[in-house]
Amino acid sequence: MAKGAMKLLDKFIYVLIILNVVAMVLESHESIMLQYADAFRLFETASIIIFVLEYLYRLRQAYQVNGSSGVGAYAFSFFGVIDLLSILPFFLAGLSNVDGRFIRILRLFRLTRIFKLGRNSESFNTFIQALVKIKNELYFTLFLSLLTILFSASAIYFLEHEAQPEKFSSITESIWWASISLATVGYGDVYPITAGGKIFAAIISLVGIGVVAIPTGIISASFVEEISEKRRRQEK
Amino acid sequence: MAKGAMKLLDKFIYVLIILNVVAMVLESHESIMLQYADAFRLFETASIIIFVLEYLYRLRQAYQVNGSSGVGAYAFSFFGVIDLLSILPFFLAGLSNVDGRFIRILRLFRLTRIFKLGRNSESFNTFIQALVKIKNELYFTLFLSLLTILFSASAIYFLEHEAQPEKFSSITESIWWASISLATVGYGDVYPITAGGKIFAAIISLVGIGVVAIPTGIISASFVEEISEKRRRQEK
Amino acid sequence: MAKGAMKLLDKFIYVLIILNVVAMVLESHESIMLQYADAFRLFETASIIIFVLEYLYRLRQAYQVNGSSGVGAYAFSFFGVIDLLSILPFFLAGLSNVDGRFIRILRLFRLTRIFKLGRNSESFNTFIQALVKIKNELYFTLFLSLLTILFSASAIYFLEHEAQPEKFSSITESIWWASISLATVGYGDVYPITAGGKIFAAIISLVGIGVVAIPTGIISASFVEEISEKRRRQEK
Amino acid sequence: MAKGAMKLLDKFIYVLIILNVVAMVLESHESIMLQYADAFRLFETASIIIFVLEYLYRLRQAYQVNGSSGVGAYAFSFFGVIDLLSILPFFLAGLSNVDGRFIRILRLFRLTRIFKLGRNSESFNTFIQALVKIKNELYFTLFLSLLTILFSASAIYFLEHEAQPEKFSSITESIWWASISLATVGYGDVYPITAGGKIFAAIISLVGIGVVAIPTGIISASFVEEISEKRRRQEK
């Protein structure tokens, strides 16, 4: 296929994705959904057909460049998986008489279409490279975050369970408090009321937030480093 | 015009802007507004006249330096637009018998006067240069933030709509929850109550907040880099 | 005075400051205050006498090193002002029959004693140097933060005043919402409920928080730079 | 012991720790606890025995490498203390007829087992090295955070005590507000309502949050620096 045609196709897919996202948002409004149900169904079917064709086209293209190993590389790449996930639910839903709950979960997969927009962005590649460079440290700091959350949840459970048995009913429940507190969101639906719980929450708020914020900090720093390195290379 | 006179004019405009801001704040107190309504109207009219003269003067100055292309450059520059926006509402409001709602929105434009204070600041230029250098990455990370918010809003809608139909009535409504949660403000007016919603909110709080915080991170880092580069140049 | 004696004096002052802080915290508990009122008053008087002597000693020392210019330099330095503020209220309170409200405000000055602990810390000096290096940028970003808060407060006032006249009664009142939201604290006592207010709050949450977070970002970055520069100098 | 066997042992200990964490989370669910109480007790006893054996093995290994000084080095190292803390409660609880409250606090020590997972991670070492390099600055900024919290708590106590005597009953109580506000969690259970309290809270929110966020900022920056230094060394 000619390069000009491919660029046009890319743009068409972009516009289609954005329309899909808009449709999904509009569909969620009950009044709009009731009035235009048929139009939405039609649009969804048309979109799926195009996305399936796009997927097949990308598979074929990958095969032409690198043979079956190219197909595998694409199929298991980030965007390969995204491409598959965004068409899969349509077929799974049509398979048999599945229950409503399962279909609703499947519809969540439609959301992955949003990420298809990221393809072909140079910044996205720079970003991914920055992530790859600190991969090990990222795993480590995310693991540290999880440990901190689990530790906080367990400690607050032991300290608050007796005073607020419904809100801190188990460590599993307390993870909700720990996540929302350490991410500094703090909705205010659960918070410690005993002296011990408050002292622990105050200390962990200051120390734990630091721990949970480190992944973000190193991603930003690595990204900026990658940007300036790229600029230096271009200047040479 | 002599340089001394121009500096004096700049200072006069600065003082006038600050008085405008103070007036706007005072006007919002009903008791003060009722007592001094005439004074406020007079001051607003006088201010507008001066700002119009300032705008014309800046247009003329731009013409003298670069001809009509200079006028265009000024008119579409950041401060050129700000200068225009801060005088426009007065004329639009006076055009015809417009309704109250429209006038209130126009009054919002008066706020843009605040930004006129940023002109002539050396740090502001350094800041803008730092932003320009990471322009593409900034667009990309802001786009990523929007994607994350939209994705979170859609997912929480599917997970919580049934349990809290008024609070998560549509994806559009859920964007409110997603923005306030991912910005870690967390007012506590809307939050998930189902197990699925809580699990998703906990995960997205930790991952999504990182994504939303990246633009800030790279702006700060780029600004600091620009500052040290400038210092190095001055030392040479 | 011998060096050993001076070090001992420094340590004594440190311990006294910490005891002062502990006393202040304990005094705030009504039951403790009632029982030990005399002891607290005695300790406060003794502390003041020692702090006055310390202040006079520092003034004399500054005079011996640099004459009257040295006295001025000390008196208007950060710790010189702190030293004065921490003894001033005692004398002002004793001047005449002042009302209770004024005395309570004076007691706030006792808090400044806490900052006396910062003297002689090497890290404190590194920190101050880091701040001085980005002084202009810090002023600029703090100014930008204030602008952002004022702008947000004004905008939310125009958008929410009609729907929630008690909570957003004036721009002055709305500054409370803007500060707490942009600092991402989000107590949840005030938040927008109209569509316009929510849209504005969502946008400003993402953009404005970035602006307000920049001062912190550049302080941290400059501090880290200063630390590594110092280390490099020491290695040479 | 052969290297292969040691690696296998390490993996076994890892799996055991994770199972311990899972058991702790499950035990907190009352219904599960009631049904499988015996199984949990058995598993806990078995775990303790293995952890004791592990501790003795590590002590012996340390002795073989560095004699009694090696034993001391291990026993007082971070993981040495963690290893001891995670087995200690079992013995203390069995000592005599201790009351329930004490046992609950002892159970908190079981949480330390989570941290045993951090051993042998290369990233953990890099992280620790990054922390060591900025040790002094970290102490200083943490001290500064504590000062800021104490200062904020005292000031808000003086400003809000009269208006909300139950919520700001003493400076000790006000520390809860200060910690949660400056960490930007903001549950919304306590917040100022007087004009003075609101003005102070708004200012301290912007300035104080910056101060409290500095430790996190310098940890992230130092960590990233350490990572790129390590990479540079490996490239050579």
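Each chain gets a letter, A, B, C and D, in the order it is written, and its residues are counted from 1.
Everything that follows uses one rule, which is that a contact is a pair of C-beta atoms (placed from the backbone, for glycine too) under 8 Å apart; a residue touches a chain by one contact, two chains touch by 3 or more.
Note that this is a predicted model, so its numbers are computed, not measured.
Peer 1: Among B-D, A-C or C-D, which chain pair copies the contacts of A-D, with over half of them the same by residue number?
Peer 2: Repeated interface of A-D: C-D.
Peer 1: Can we say the copies chain A and chain B touch using the same residue numbers, with more than half in common, or are the two sides different?
Peer 2: Chain A vs chain B: different; shared/all numbers falls short of half.
Peer 1: From the centre of chain D, which other chain's Cα mean sits the farthest off?
Peer 2: B
Peer 1: Counting only Cα atoms for the centres, state how far chain B is from chain C in Å.
Peer 2: 29
Peer 1: With chain centres taken as the means of their Cα atoms, state the distance from chain B to chain D in Å.
Peer 2: Their C-alpha centroids are separated by 41 Å.
Peer 1: Using the touch rule from the top of the page, what residues of chain A touch 2 or more other chains?
Peer 2: 184-188, 216-217, 221
Peer 1: Looking at the complex, which residues from chain C come into contact with chain B?
Peer 2: Residues in contact with chain B: 133-134, 136-137, 139-141, 143-144, 147, 150-151, 154-155, 157-158, 161, 169-172, 174, 181, 184-188, 191, 198, 201-203, 205-206, 209-210, 213-214, 217-218, 221-222, 225.
Peer 1: Any idea which chain D residues touch chain A in the complex?
Peer 2: By the definition above, chain D touches chain A via 21, 24-25, 28-30, 104-105, 107-108, 111, 114-115, 117-118, 121-124, 126-127, 145, 149, 175-176, 179-180, 182-189, 212, 215-217, 219-221, 223-224, 227-228, 231.
Peer 1: Residue numbers of chain B touching chain D in their complex, please.
Peer 2: 184, 186-188
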